[in-house]
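Alright, structures below, take your time with them.
Two complexes follow with chain A in common, the first pairing it with chain B and the second with chain C.
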Partner chain A sequence: MMSKLTAKGISKVYNGKEVLHEVDLELESGKIYGLIGRNGAGKTTLLSMLTAQNPVTRGSVTLDGKPMWENPEALEGVCFSRELNPVSPNGANTMKVKEYLRVAATFLPHWDREMAQRLAGEFGLDVGKRISKLSKGMMSMVTIVVALASKARFTFLDEPAAGLDVVAREKFYRILMEEYLDTGRTFVVSTHIIEEASDIFEEVIILDKGKLLLKENTQELLERSYHVSGHTEEVERAVSGKKVYHEETMGRSRGVTLLLQPGEELRPGYDVSIQHPSLQKLFVALCGEEAD
Partner chain B sequence: MNEILTQEKSIYIQIKEMIEQDILRDILLEEERVPSTNELARLYAINPATAAKGVNLLVDEGILYKKRGIGMFVAEGAREKIRARRKKNFYQDYVKSLLAEAGSLGITKKELIEMIAEDREYDE
Partner chain C sequence: MWKRSVKFWGGVSLQSLGICMGLALVFLVFFAGGSFAAGGLGIRGSVGGLLLLYPYYLTLMGVFYMSLSALGCFRSYLPLLVSFNVTRKQAICGILLHHLAVILGLVGLGAFVWFLAGLLGGEAGGEMAGLIWLMGGTMLLVGSFGIFLGTLGSRWGKLGQILGVAMAAVMGGVTGAGVAAAGKEKVWAGFNRLAEGRFLWFMLLGLAVFALVSAFAFLVNRKMEVRN
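Here is the complex of A and B:
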């Protein structure tokens, strides 16, 4: 069944500071979304509001038209597995891993106990250990186990790859993909490790300084993004009239990044190099400007 | 100089080819100083030894030369030298692969020659 999680104009103000500004977002069932943004862009705030763990200041979040806030019927469809860290305020740190999983099970109506055990085994997690005694990578594994075993239709993972070594990250992507293929659940994964994850995201959501910059099919986004370089004057002629997102100049040489709009084309016949940037390079071009 | 480095080729080869391209495009002029290996290292966030490897290939070919204590410079005649070498390699680098692809698609030599003859964008 097609299902939709919809955020309309959601904003969040903490202590007079707006950390999220009028975000409109529609998440469809059966997709894997990547959420990327710089530190402080509002990713965790957005995820916690989409799952009604945190009230919106303005706007609304609905699942198939039903308001999410304090609505058990809608809430059972979502799981937000929060990032754990040694100073987590929610008392999780004093718990052993198996206690944490037991608590998770009581909150998550579709909890798959067998899957949780199997994944803990696959990641080599010592479930008798206290959360506070785990390494950063091990904490990430706990949040991954909770997210996957929740069996929620809309599952949100906040920085699951943080602290994992490259072998564990590959394992995570593989397990995520297997679960996705088996069940068609929707996943939203925030990450800073853009390059290696970009292939598994059907759509990418970019958040910049509390605003939704874009939400788009990953491949289509990459296909319409260009990096044009060459002699400064020639580059200027080649891209004149187009919106340039980032430019770098060195002597007479210049490189610019642009996103073509539908129907827009790069004019041929200029002596310039034309490349497609990777998602990571594009992200840096779009969001890399230092805050003023 | 402002191209994006890719994963598909060795970095030092890409550095070398970028400098060549810049010489062909009059971004770097003959007898002009080229960015130092440290400047290249900073621009691309690569190891300076890798940048130096690319630069040194161009020194070996006589396209760049070193002025002691000042830096690397574009040699006189560098532009012509690069063009001459690329022309010499054109058959190997482009025509061979063109023919191989045409062969695998069953395009005859005659058809291929017609295609080239009819292309309006390439007129001498």
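Here is the complex of A and C:
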């Protein structure tokens, strides 16, 4: 049966400042979602509220119709593996990795102990080390182990690739895909390393300044986005009437990025170069400075 | 989820009890063992003396533990458990029951030691039993303060802790001033009157304060946020 995690009109206000505004989101089972946004866009806040680790100011979050907030039954279906902190509120985080994993094993109902041990070995994690003594990459590995070994239906990872070297990142993407193909779990991965991760995202969710900019199938999104470049006047004629998200000018040449509406098309017959931008370039166009 | 909470907090409680018992024994032997040996009491006498004193040291360790533990529980364990999908209600329940378990464990152990030493029988046994209630009540009151401080700390961070300590300082000052104003004889007379009730009232007072502070902990933390 298809599971759905639904957020309706969720907003979050901190000290009078709205950091997330009226976000409507539906996450279906059996997909890998990429959550991308600039620093401070509200990604971690969104993930925290979807998993009831933080309360919403307005709106609701439900899993298959059941409210998430303080609901043990609904909470069993999710896992939010957030970034570890080397510093706890009482000073250095003196908990050892194995103690942290033991707590995870105690409370996450579907915990796969063998998988956790195997992944810790694959990543070369020293489980006897204190969290405060781990490098950033090692802390990322711990969050990845927790996320994958949790076996939760909906698993959220907050910047799991942060601090990982390229070899470790490739390993992570490979293991994630294997787990996804084996189990059909839903993963929501927030990341800044868009180009590497975009290949595995079935759908992409873009947050910008606390608002949901779009949530769409990655392939379809890229197919309706274009980078048009050439002589300034030709480009202007080719994209006339279309909303331009980003432009670059170099002498008499100009390049613009467009995101066409479904069904909309570029007018043919102009002496311009037309390409589909990468997800990263599209993201920069959408969330960077807006063109006039 | 409750079973998992019991498993987790049961382990933490046993560990805490073990630490308190071990430290109490070390302090007892260190501070009192020498005196008994030097006093020529012999092994039997020394053991008897140690058994008499051990519950007091258990109480001392219990008070020490209660004053420190709750802050760590609320500021570290609470967000950790919530991040692993434990509801706030269950997590706070776990913290509170853990503290109660340690108190009851130490009180129970103290009573058992005195029972082994044959100190709980007869007329004097009633007084000793009264002291058990006094010890329990003391740990409950100190534990309540620790939980109050921990709740303030989890909600308002360092500011909350400072506020809690400041409140304790003010209350201590007011109590001290009151005792000084009343005079030594009046205070002892009052204490002796209350002791006639064998201090059960003190234990009940401790439980009542603990219950009040527990309600405060639930109220303040019902929308607690997990932050990185």
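Quick notes on this structure:
One rule holds in what follows: the second predicted complex is superposed on the first by the 284 of 292 C-alpha atoms of A that agree within 3 Å, B and C clash if a C-alpha of one lies under 4 Å from a C-alpha of the other, contacts with A are read in each partner's own complex, and residues count from 1 in each chain.
Methods note: contacts are C-beta pairs under 8 Å (C-beta built on N, C-alpha and C of every residue); 3 or more make two chains touch, one makes a residue touch a chain.
All figures in this text were calculated on a predicted structure; none of them were measured in a lab.
Placing chain B and chain C on a common chain A by superposition gives a fit, with no clash between them. Of the two partner chains placed by superposition, only chain C is touched by A:54; chain B is not. More residues of chain A are touched by C (comparison of chain B with chain C). In the overlay built on the shared chain, the residue A:143 is in contact with neither chain B nor chain C.
The vertex angle at chain A, taken between the C-alpha centres of chain B and chain C once both structures are aligned on chain A, is 150 degrees to the nearest 10.
By the touch criterion defined above, A:198 reaches neither chain B nor chain C. Once chain A of one complex is fitted onto chain A of the other, the partner contacts of A:190 are absent, as it touches neither chain B nor chain C.
After overlaying the two complexes on the shared chain, residue contacts for A:218 are found with neither chain B nor chain C.
Contact with chain C, but none with chain B, is seen for A:106 once the two complexes are overlaid on the shared chain. Fitting both structures onto chain A leaves chain B and chain C with a minimum C-alpha separation of 34 Å. Of all residues in chain C, those touching chain A in their complex are 1, 4, 7-8, 71-72, 75-76, 79-90, 153, 157, 223, 225-226, 228. Of all residues in chain B, those touching chain A in their complex are 1-4, 6, 21-22, 25-28, 35, 43, 121.
Contact residues on chain A toward chain C in their complex (touch as defined above): 44, 48, 51, 53-55, 70-72, 75-76, 78-80, 82-83, 85, 88-90, 103-104, 106-109. Looking at the complex, you find that chain A touches chain B at residues 227, 229-231, 234, 248-255, 268, 271, 273, 275, 277-278, 281.
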